[in-house]
Amino acid sequence: MNRLATIVALGAALIFSSGAMAQEEIEAPHLTTWSFAGVFGTFDRASLQRGFQVYNEVCSNCHSMKLLHYRDLGPNGPGGGIGFSAAEVAAIAAQKQVEDGPNDQGEMFRRPGKAQDTFVSPFPNDQAARAANGGAAPPDLSVIVKARGKGLEYLWGEGGPDYVYGILNGFTDPPKGFVLPQGKMYNIYFPGHAISMPPPLADGTVKYQDGTKATLPQEAHDVVTFLTWAAEPYMEDRKKTGAKAILFLLAMTGVLYGAKRKVWKNVH
Amino acid sequence: MSGTPSTVRTNNRLVKWIDTRLPIFSFAQDAAMDYPEPRNLNYWWNFGSLAGIMLIIMIVSGIFLAMQYTPHVDHAFNSVERLMRDVNYGWLLRYIHMNGASFFFIVVYIHIFRGYYYGSYKEPRELLWMLGVLILLLMMATAFFGYVLPWGQMSYWGATVITNLFTAIPVVGNPIHTLLLGGFSVDNPTLNRFFSLHYLLPFVIVGVVGLHLIALRQHGSNNPLGIAVKGPQDQIPFHPYYTMKDMFGLGVFLIIYAIFVFELPNALGDPQNYVQANPLQTPSEIVPEWYLLPFYAILRSIPDKLIGVLAMFAAIFILFLLPWLDTSRVRSSYFRPIHKWVFWLVVIDVFALGTVGAHRPEGAYIVIGRIATFYYFFHFLVLLPLIGWFERPLPLPESIAAAVTKKSGVPSASAQPGAAQ
Amino acid sequence: MADLAHGKPGAGAALSGGHGNASRRDFLTIAGAAIAAVGVASVAWPFIDSMNPAADVLAAGAPVDIDLSHLQPGQQIVVLWRSRPIFIVNRTPDLLKTLQNPNDISLLSDPDSNVMQQPAYAKNWNRSIQPQYLVLVGICTHLGCIPNFMPQANSVGPGWLGGYFCPCHGSRYDLSGRVYSGVPAPYNLPVPPYRFLSKTMIRIGENPPDGGDFSLDSIEQI
């Protein structure tokens, strides 16, 4: 029934590409390649650590990542962490102040962070975040890469990274005649082009500890790699296990097909 | 002691001991081994067993997920993310369940279209068909409740839109709406009861599937030629023929399922659902999961609120009436020259409705949606009865065995000559 | 329409075929079934493993550091580690003397701590690393209640030298957590893994660097 297969394929293509046609947003083009793309994709651990540095020094001033713990970065973290040792993780956590308590006197107190704490948020709650940012709360970044980028590339997990990368690189002067509302910035890839976030990154915003040159595209590439890991720390395991599972299933199905043909031989 | 002796073919004394007291083994032998099936079933008949296996996969993965999920508005989203990060293989459980819902619907939709094309709903299998439509309804309810549980933006706003449908009912609409919600809007009481119902309904589905299988056993499976079994020469035992064929089909299905679970896990989902539910911010597009899109499109195509709701439910209820709407004396569309092509129109129509449902209702999509909705009802209410009356069916073969063993002329089952697959 | 004909399927369906065909078919069938079984087992493991403690639960069971500088002589504090109460007592020299009293020792069920309820570095009369500080898991080995700290002489009865009294069924322990004979509880109170980070700072949940790899899972009974 090849007819049916064709129609199914056409229909599926129609429905799944609907995202690309539906929004008035400009789909972020594939501006860069990702090490985690494809069936055999992996996270570049050096890039993850640089990306964490960018998040820690720049983004964490406005954006929370409440779903991550400091221990996730270390050897016991999901997917093996991003390559920090347990001591480095403890040191990173200890740089932050975390609210704890109540103590035996019934009071809340602040103490240095520990590995099992969640990432410290810049604002205590949503309202404070909104109030400090002109009414637009900076979104939590824990799964931002899975929450954006609807379109064809979203199907295989690159739509989100491409979108965030596009946003970070897409700040530019508005074209002639474009009316930019008060307090907003012009961004090529943001839907509606008027984004509340000022450009967070530029060449040399951070100084990389491993000596890599910190250009804007490099910083954006690293932080998006880190954010993709943060959204899906088990991605490498998932893809590897998937490859094994699919190969196993192919072998099993092959054997079963042979068995089926043998069994049915005398009926034909 | 009275009663018939155990008929199970084994030398194992433990099996015999159990079977004389509780005949599970002879039942299994009778139902899954000796059970006679038409010899000409093609691969479209695999999808029933695939649906049963998907039901089991969904229940098992769901039970393990329920061990880790917290059905409270403050914790639901985080508990799902905790599953993805901290629970051993939690990401696998979640993706199995999430993609499993889609694959369950894919399998069931193909199973339904197969039944429609080959006339499996016709006498004496009307109740079998209606039980199947009931299963579909229960699946849709289960999927709707389940989608709310991760408490993302689509979860919350999809729940809001669908529960608001009940306000369309005159007089009692608003009190029913409040009763369903347990509050003034979708909130914690709603989430809790949706969790309870989502856990319950799959077991109701298991019960209806049991009835579905009992009804199937009464008259046996239909077959691609649509003609009745005339004798043992038309049949082969379920084991080993269809057990092996079903296993092979399962293998192929699992490969595709595994590709989605492991390599494309979010392909069938909506990115908006990775944003935690925010009652103060409506997403730019509220779209249900793909398997509900055709019905969603029908709902939105009609400008009147109440009639839109009625049309959406009518679209499903019309399926219950299919055995009586189709007036043809011939079962299988293979022998129905007009219906054979008209069938594809409704397939294209359903895909069109799905596409319309995925987009915002503006511009060309409104027109296409209305035409597609009109055609859907026109097809079942007008075309089918008319075609049945006026069509001249092709001559039916004498028997299945005659058709299968013929080297030339009428090929058996599928369009491919030769092998009776 | 004719009903389904019941009865054995026709001749064409019989499991016939030459021996060669049959054995090849059987081999393929068995091979297929075996591979499928392997597949089912490898899918079953992740489901079962998901019930094991998750990463956040394991992290919450991490060692806790306790500052003992404010603990007065003769006082006990109770802290939680892995959801269990941990008793920490600052024992005075007088209390320590009573622990070596032969009359008291003769009343104990397991005075030498032969039953494995403590790490090797706590298998002594003081059942601790340093005699001054006692660290115990405060769960009665009878049925799991939390014993009361009764350090006062004669507070539980005449002749009471100080120790623990469990209010649920009357089990009694001395101030090293050793259980008396003739009470419902069968074993001494367990000692958790712990170490000193400094003179007044202990870490519960971690063995001393040279203290081996004792784990609370290995004791006779909590």
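Lettered A, B and C in written order, each chain numbered from 1.
One rule holds in what follows: a residue touches a chain if its C-beta (ideal position, glycine included) is under 8 Å from a C-beta of that chain, and two chains touch if they have at least 3 such contacts.
Here the structure is a predicted model, which means the values were calculated and not measured.
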Chain separated most widely from chain B, comparing mean CA positions: C
Most extensive contact between chains (C-beta pair count): A-B
Interchain centroid distance [CA atoms averaged], chain B/chain C, Å: 49
Centre-to-centre distance between chain B and chain A (centres being mean Cα positions), rounded to whole Å: 34
CA centroid of chain A to CA centroid of chain C, Å: 40
Set of chain C residues in contact with two or more other chains: 12-13, 29, 32, 36, 55-56
Residue numbers of chain A (touch at least two other chains): 78, 249, 252, 256, 259, 263, 267
Residues of chain B touching at least two other chains: 39, 85-86, 92, 236, 240-241, 244, 247
Residue ranges of chain A touching chain C (in the complex, touch as defined): 69, 71, 76-78, 115-116, 248-249, 251-252, 255-256, 258-259, 262-263, 265-267
Parts of chain C lying in touch with chain A, wherever the complex brings them together: 12-14, 16-17, 21, 24-25, 28-29, 31-32, 35-36, 39, 42, 55-56, 58-60, 62
Chain B-facing residues of chain C, complex: 1-13, 15, 29, 32, 36, 46-47, 49-52, 54-57
Contact set on chain A toward chain B in their complex: 1, 3-4, 7, 10-11, 14-16, 18-19, 21-23, 39, 66-67, 72, 78, 139-140, 142-143, 146-150, 154-157, 159-160, 191, 231-234, 237-239, 241-243, 245-246, 249-250, 252-253, 256-257, 259-260, 263-264, 267-268
Chain B to chain C touching residues, read off their complex: 34, 36, 39, 60-61, 64, 67-68, 82, 85-90, 92-93, 123-124, 219-220, 228-237, 240-241, 244, 247, 401
